[in-house]
Structures are given as C-alpha cells and as structure tokens.
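Both complexes below contain chain A, partnered by chain B and then by chain C.
What follows is the complex of A and B.
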C-alpha cells in the first residue's frame, strides 16, 4: 500500500474519474428537495463542478445507511390469485454496483469495523461492505460534542477507510489502505509523500494515542449487576423521552425489525432500523413487556453500547461521534452517562 | 452463515388440539427433498414460521428428530399465528431454522432420571423432548412427566397422553386446575402436584416449561427436597425477529435468547437481569 501526495486539482480530477465508473456520494449538508434514487438519507450524489464541502466533525448522517440500508429487501413473493408460485419466497435481486462514499470521518470509518463484528455472518451486510469504498478525511478540528479520543479512537485514525486524506498546507497526503483503495487510484501518477510529510503525520497521530482509557478499563472489568442496578438510571430514565433519535443517528446502533409489505399483490420482506427505545420493540404478543418501563429501555441502550457489546465482542459499541449529544431533545450526554457509570464502579 | 430465506414447506395435516380452537398442530413437509434430507434438530429448538404477507413468528418444535414428521403446535395470538390458523392442508408456509440451542439430551441429561414439568401449551417442546427420550429409553433413568392445563379440553396431545399412561415406563401425572364433569384424573395446579410427586433430585435433571407464575411456585417445593438450580432447565421466550442473534430484540442484558438460548439452566437465568 502506498502513501502519495495529491493536490486539490488532482483530487477533483480523480473524483470526476470515479464518477464515470461508480456511484459517488458526498454528505448532503441541506435536505434534498425531493427523494430520488440518487439519494441516501443525509447523503447525495456528487455533482461535477460543485466544490466538496465537509462539515467540521462528523457528517450529518452516518455511513450506516450504505451498509445497512433501510429498508433492505430480504426476499420477495407474489400473492396474486393466479400466480403459479403464489406465496413462494424468492431471493432478492441485489445491486452489485460499486459505490464510493466521499467525505467520511474517522469515527464513522471505525463504526463500520465495529458493526462488522455482529454482521460478519450476514451476507447482505457483507455484500454491501464489498461494494462500498470509503474515502475519508482525517479531522483538523473538532466539535464540542466530539469525543472519539475518549472512546479509544482518534481524529487522525484511518482504520476502516480505503483511502485516507490528511490535509497539508498545499494539498493532501493520500494513504491507500486497501485493495479497493488501490483500484480507486490505479493509473494516477501521483508523487509519493516525502519522508518529512509522512513523519509529520505519524508524529501527529502519536499525539492522539488510541486504546482504552482508565475509565473504559474500569467499566470493562466491572460486574454487570453493579452497572445494571446503579441508581443513576432512575434520573436518566425520567429525563429520556424515548424518542429514539439517538438510535437512528448513531453509526453503531444496528438493531432491526422485519416486516412483510404487500402492494397490489406483490410482496417483499424487509428489514429496517428499529430502536430499543420503543415499547413495542420488546413487547410480547401476550402484552407482557420485559422492558415496559422507560428506565429499562434507556438503560438497555447505554448498557448495550458500554457493557453488553464489549462483553460479547471486545470493543465498546461507541465511536464518540457525538451525534446523539447534539440531537437529543432533552440534552442527555453519553459522556456524562459514561462518567456516572465509571463512578458507580468505584463506589463501595 | 445468517440467512433470511425460509425453506418452503407444505401443511400435510392440521389437528385442532383444544376445545377453544386456540391451539392447532401443523404437520409440515419440506417441498424440496434436499431440505428434508439436510434437516436436523434438537428438542427445545425453535423455528421461524412465515406466512407470506403476514410475516414470521417463532414457534418451538413439538416433534423430536426421532419422528418421521415435523410438528409445530401454534397458539393463535398475534398477526402471524392468526394467519397461520386460517391456512388449510396443502397450503404453503416458510420455515427458517432450526434455531437456538435445545435441551442437552446427549449432554447433562444422558443417564439421568428425567423430570419434565409442563403447564399450558408450553408442553409442546417437552413433547419433543419426551419423544426423544422414549426413542432411546435405555439411555435415561426414571422418567416423570407432570403436565397441567386449565381444563380437560385444554390438554394437548390427548391421544398420546393415553398411550404414555399405558407404557409403564413413564410416571405420568396429568392434572387440571379445577374439577370438571367427566374428569377422573388429578385436580390441582402444577406446583401442588409437583410438591406431592416430589421427584428425587438424585442423579436427576428437570425440564420445566410453563407460564412464569407456574415456575415461580413450582421451584420452592423442589428446592425444599434438595433440587439445585444447575439441575433445572428452563426455556425463555422474548420477542424475536431474526432468530439468529443479530436483530437484538430478544436480549436479556448481554444474553440473546434466540442464539444463547432459549434453553438455560435456572442458575444461568438467575444471573440475568429480569428482562424476560
């Protein structure tokens, strides 16, 4: 894998070249006038000649939508009366085309790797991984809600990206990080990055050391019961209105519902994003609900990210993008939840 | 590998099990030979049954792999099971599975005395376990089967209950909640009968399936005579969608009922948060 220099003009030319072969998406900073097939929530197709503008911090919507689109068709069937195969379930036809997502931040790139842990055996998710290339920009500044470093990440990380761009005074260092990345830059005559530029990037990265903080280590080694029974959930459960906004904008929330949808005799089974904040999520057909209380649902979301997921897979299921902090209507801050939990681990 | 594509199956037979018609047993046959040949399951496992247009619902398998046919006894409760109940012999269904872990018939149960305690229609998966035990009767010790329902008309598998009673190698106790005309058998709630029967915990394993309230009151008399939580197997249920440990719906704390269960020892269940 190579590390090269690329000027803004060369980058523009490269993106225009991708445009002829692949579907190229960029962050949509404004809501599109109408939903079209060239659109994914929070993202839009790149238009030639338009400047690429990235927000400070994470993009408005996470890249989850490219790997785990909603809805995703699981199978299709016909319920037409005279159909010879009425009710027979057929494999869905999946799009094969490559898509390039441009403007991805390191936090979102890390989320793709985290979500692969549960989805590694899911053929639909993994097929989307195969056909999606992530071109990311490391962060030069951060929002007040950004906390990737607290979650063991870094604004300069490149893990999960196929191409990583880090800005210099007069251009970018472009790191080619995967086979997909190699394909994207194939045929370009780009100058290898100078030793001093590479050393500069390495030095900056060392400043933001990754890994579990002391806080995270405490949480990791604490028994579940202590965290589950912590008194803090009472106040948090009262504050949370269970709107589910945090779960939908979260790059690492991945639970889903499955339903059948029939339109004029043609049916399909779809999966789409769900939220453990909703009472119906866990309600039995009998009416019994194991998480019937708001407190229980609020606790479930945070403990899933900070205890259940790490217990099962290793890493914490949070990349510190801070989207949920910005969008929560009642100002719940996962960083405060985290430090309150850590305090619980220290109480005797 | 995770899959959402059900096997196509046809309904070969339907038996209305209970007097109120709320429970029907469906005999299912794979449409494709390769699916039938490749099928293997363990009693205690479940499947996702799907009716195109209505959706999928988890249903415990009522038959043992030692039987020729695949049986599912379905309680009419929600959208999918209501749609299922309207189907006729010959109609097509989807079946995904087998899912979950099942009872340890070849593990901790082997060579032991087996006590099965069932309340209501939770008896379906214990029927599967009992049929597997009977198919290899010499592999197990004493077999005690305690089964209770609200009324005689709510008892499932009535013909088989009579056959089991005549075998002589099962201690069978069938009870109904209240006196009923024409009923000459036991009367009383399952916990009461279990306390009277008082099966010895020595070299024994118990499988208990029923409503939570029944399990709650069945345990104290068993504990009083020495039963330990590690010897008692329960089957949990929670709302499920994927059945393969991915969609997160059925989580009880860090545990996924569909993938880590649905069968757990009572000791394991006690360590979980009360989210089931």
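What follows is the complex of A and C.
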C-alpha cells in the first residue's frame, strides 16, 4: 500500500472522477433536498463543483447508515393469488456498485470495525462493507465533546478507512489502506510522500494510541452486579426521556427489529433500526416487559456499551465521537456516566 | 453583579430547601447545570442538601411538566391496582413553571393526569429561552466553549474569539411570539411577574407557509421532514404525549411503517400534531430537542392557530375550565360532517367559550 502527496486541487479532481463511477456521499451541513439524501439522513449526494466542507469533529450523522441502512429489505414476497412469488420468499436484488463516503473521521472508521464483531456472519451487513469505501480525514482539532482518546482511540488513527488524508501545510498526505483504496486512486499520477513527511505523521501518531485507560481497566475488572446496582442509575433514569436520539445517532448502536410490510399484496421483510430506549424493544408477546421501567432501559444502553459488549467481544462499544453528548435532549453525558461508574467500582 | 437569573436561582434554591425541610413537598422538579455550554439537566430534588444544585438560566428549553405525573407517582406509597386509594392526603410535588409549562400543568389537571391539590407550582415569569441552534448558527465551523449570560446579552467564547450578542436576537421563535410568558397557575412566585406580551403577528411563521401554493407547501413539508430519523425525541419530550401505547407502536392494526419512508414519517408528524390540537401551548420543547433540527413545531402552531380561529381557544389558560375540545356545544362549527351547508363560525373572543355553555340545547359533556 502506498502513501502519496495530494494537493487540494488534485483531491477535488479525484472526487469528481469518483462521482462519474460511484455514488459519492458527503456530510450534509444544511438541510438537503429530500431527493439527495437517499434515505441517509445527515448525508447527501456529492454535487459536482461544490466545495467539500467538513465540520470540525465528526460528521453530523454517523456512517452506520451505509452499512446498516434504515431499513434494509431482507426478502420479498407476494400474497396475491396466481403471482409467481406467491408462497415464496425471494432475496432482493441488491445494488452492487461501490459507494464512496467522504469526510469520515477516525472515530467513525473505528465504529465500522467494532460493528463488524457482532455482524461478522451477517451476509447483508458484510456485503455493504464490501461495497462501501471510506475516505477519511484525520483530525487537526477536536471538539470539547470529543473523547476518542479516553475510549482507546486516536484523532489520528486510520484503522477502518480505505483512504486516509492528513493535512500538511500545502496539501494532504494520502494513505492508501485497502484494495478499495487502491481502486479509488488507480491511474492517478501522485507523488509518493517524502520520507520526512511520513516520519512527521508517524511522530504525530506516536503517543496517540493509549489503549485502555485506567478508567476502562477498572470497568473491565469490576463485577457486573456491582455496576448494575449502582445508585447513580436512579437519577439518570429519572431525567432520561427514553427517546431514541442517542441510539440512532450513535455509530455503534446497531439494534434492529424485523417485520413484514405488505402494500397491495406485495410484501417485503425489512430490518429496521430499533432502540433499547423504547419500551416495545423488550416487550414480550405475553405483555410482560423485563425492562418495563425507564431506569432499566437507560441502564441497559450504557452497560451494553461499557460492560456487556466488552465482556462478549473484547473492545468497548463506544468510539468517543461525542454525538450523544451534544444531541441528548436532557444532557445525559456518557463521560459523566463513565466516571460515575468508575467511582462506584472504587467505593467499598 | 448578580443577573436576574442569578437572583431567581438563589430564590429557587431557598424556596426548594424550605419546601423540602418543612415537608410540604416530597420532591421538586427543576434544573441542574448541564455539562456543555447552553445546556441544562432536568433534576428532581428530594433532599434539602441537594437544592444547591438547582439552577435557572436562559437555556431551560424543556418543559418540566413532562416529568410531573411520573414524579408524583414516585412519591406515592406503592400499592397494587386493586388496593384502595389511601385516605390520607398523598405527598405533594413542587415544580418550576413558566407561562407555557404552567399551561401544560393546567392541561394535565384538566385531563386528570395530575391532581391539583398535590402540585405546588413554583411560578417563574419567562423572559424567553435561548435557542442553542440559533447561537450555534451564528458561528459556523467554530465551536462554542463557554456562554456567559447577562440580562440582555450573551458573551460567547470559542477557541479564538469572544463575541457579545443580543440575547433577544437568539431567543427561540416560540418564545418570541409568546403572548403569555407569565405562569397562569402560581402557588409560590419567584421573581417579578412578567407582563403579557402584545404580539400583532403571533402566527406569522405559519402564515408565511400558508400563503404559498400547494406545490410550494408540499416542497417545504417534504424537505423539512426528509431528515427525520424517527427517534421520537419530539414525542417523548412533549407533556401531551403520554399514551400508554403510542399509535406508532401499535401492531394490530399497524397504523404506520417502521422505516424512513417519507409517507410514514410525514404521517407520524401530522398525526402527532393533531393529537396535540387544542392542548398544545407552543412550549417549543419538540423543536428544541430534535437532533436533526426539524421544525415540527410549525404543524402544532398551525393547529393552534386553527383552534383559536375556529373555537376561540388557547390551551391551558383556565384551570377551572373543562377540557375544551371534549365539549360539543351545538354552536360548534361542523367541519367534519361536510354534506351540510357550512355553519358560520361564531365570532367569539378567545376564552369566552371556556366556561360551561349555559344555552339550552347544548350537549356539552365534561371530561
């Protein structure tokens, strides 16, 4: 894999070239027309000639919508008599073309790798991984809500990206990190990065990969029951309004439900986003709800990210993008939840 | 120098401590400071020593009435569904309330969600709450690190800038057009009463949309709601939305689909707005909390305008009045049965209909 230099003008030309072959998406910073969102709220199709403006910090919406679309058709069927599909479930014809997502930050790139852990055997999710290329920019500044380093990430990481751009004074260092990345830059006559520039990037990255912090290690070693019964959940559950904002904007929340939709005899089985904040999420057919209280649902979301997921898969299921902190209607701050939990591991 | 809101904060803390120490209430619903600039956290205090966490500032955009029924039931002695109601009076809950929040408490009383005698309304006149989105929009591409609040200005500070902006210029649209900033129901008053505001064009934003052609209105609607992610923050933050099972969650029949299909999303917003007709106080919580910045408030505002024009009603203005849209006085305009000649709209002044109509032949029913 190569590391090259690219000027802003060359990058613009490259993006316009991609646009002729692939579906290219950029963050929507204003309200886009309905026609250009392709049901990926917070993103829009790239329009030729428009400058690419990136927000400071993560994009308004996470990249999960490209891997885990809301909704995804799993199967199609027909209820009409004499229809050839009557009584048969057909796999839908999926788009095979590459989609290029531009402007991704390291936190979101890390989220794609994390989500692959539970979805590794899911053919639809993995097919979306196959056809999605992430073109990311390492961060030059961070928002006050950014806490990737506290979650073991780094604003300069490139893991999960296909192409990673890091700004220099007069352009970017472009790291080609995958086969998809190779395809995207194929045929471009770009100058390899100088040894000093590459050394500079490596130096910047050093010390920027802390791994598990002391806080996270404490959580890891703490017994689940202790965290589960922490008194802090009471006040948190009381303030939480149990909307799904945090779960839907979160890059690593991936819960879904499945149902059949039938319109005029033609049906499809869809997988759509669900949220553990909603009472319906855990409701049994009998009517019993094992998470019937607000407190229980709020607690589940945080313990899933900070305890259940790491116990099951290893890493913590939070990349520290801070979106939930900024958008929570009642200012529930996961950093405060984390430190409150750590405090209760320390109390005897 | 202490600002108006600093003084209100001190008064709220003192009052809350007194109420809890004397045992007059078991809990008080207020706000604590948030972790980010321009945010606050809803807080329920139950012990006098917690009262110093309470704050009052210009960013209190949620409607605390949303929490009231739940906090009331949290201070009751637990009992089973078929157990008799205790005879002794139940513990009370105090709640901070501005004009619109107090009107929502009135609606909750009218709808029998809340027993009047168990609520202590700590009234605070609202000077208008600031929209975080409006402030952010003034500084595109820059992060706001602190916002200092004065009585008439906000000092906004970022990494490499400090700017003073006029507070009223970034007050939320619903507060700017609000006519009733002072609580309509007050047990304990904090600070000075705020006078009613005369606004010659309270529905101007709605009228601007109404004046457009059908196609233009449809374009507005589809673009406005295109980014909805159906997180239901607007519904959950609303004190009017308390159905045990919301129509969006009904399975048999399933009223609307679960995906981001524009028809489903549009239907959710239109139906939710209609469920709030005659009850909405334009508190603006729905718009304030939307993570995608959708202005769904325009739908409820439009219905508020219709309800005012058709029935002369503004929600929650009179605690003693029955719930107005559950009455069927014979003079009501019949806009549902359409095969009759249109009934002329009675020219009533607002709130005149609030009392129980006395004319014979009226078939009004109390809720």
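By our rule, the second predicted complex is superposed on the first by the 338 of 348 C-alpha atoms of A that agree within 3 Å, B and C clash if a C-alpha of one lies under 4 Å from a C-alpha of the other, contacts with A are read in each partner's own complex, and residues count from 1 in each chain.
Note that in this section a residue touches a chain if its C-beta (ideal position, glycine included) is under 8 Å from a C-beta of that chain, and two chains touch if they have at least 3 such contacts.
Keep in mind the model is a prediction, meaning the values are calculated, not measured.
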Legend entry - Joint occupancy of chain A by chain B and chain C, clash or fit: fit
Legend entry - Touched partner set for A:313, first chain B, second chain C, both or neither: neither
Inset, instruction - Figure out whether A:88 sits in contact with chain B (first) or chain C (second), or with both, or with neither. - result: first
Legend entry - Computed vertex angle (chain A) for partners chain B and chain C, CA, steps of 10°: 90
Legend entry - First, second, both or neither for A:272, with chain B first and chain C second: second
Legend entry - chain B versus chain C as contact partner of A:119, first or second or both or neither: first
Inset, instruction - Go through the superposed model and pick first if A:56 touches only chain B, second if only chain C, both, or neither. - result: second
Inset, instruction - Go through the superposed model and pick first if A:259 touches only chain B, second if only chain C, both, or neither. - result: both
Inset, instruction - With the two complexes superposed on chain A, say which partner A:41 touches: chain B (first), chain C (second), both, or neither. - result: second
Inset, instruction - Rounded to the nearest Å, state the minimum C-alpha distance from chain B to chain C in the superposed three-chain model. - result: 7
Inset, instruction - Could you pull out which residues of chain A sit against chain B in one structure and against chain C in the other? - result: 257, 259
Inset, instruction - Would you tell me which residues of chain A are touching chain C in their complex? - result: 28, 31-34, 37, 39, 41-42, 53, 55-57, 70-71, 141, 143-145, 235, 238-239, 241-245, 247-249, 257, 259, 261, 270, 272-273, 275, 278-280, 294, 325-327, 329-333, 335-336
Legend entry - For the chain A and chain B complex, residues of the former touching the latter: 74-75, 77, 79, 86-89, 91, 118-119, 121-124, 224-225, 228, 254-260, 262, 267, 269, 271, 274, 276, 281-286, 290-291, 296, 300, 303-304, 307-308, 311-312
Inset, instruction - In the complex, go through chain B and note every residue touching chain A. - result: 1-6, 8, 50-56, 77-78, 81, 91-92, 94, 237-239, 241-242, 245-249, 251-254, 273-276
Legend entry - Complex contacts: residues of chain C adjacent to chain A: 34-36, 39-44, 62, 66-67, 70-71, 74, 141-143, 145, 159, 222-224, 226-233, 235-237, 249, 257-260, 262, 288-289, 291-293
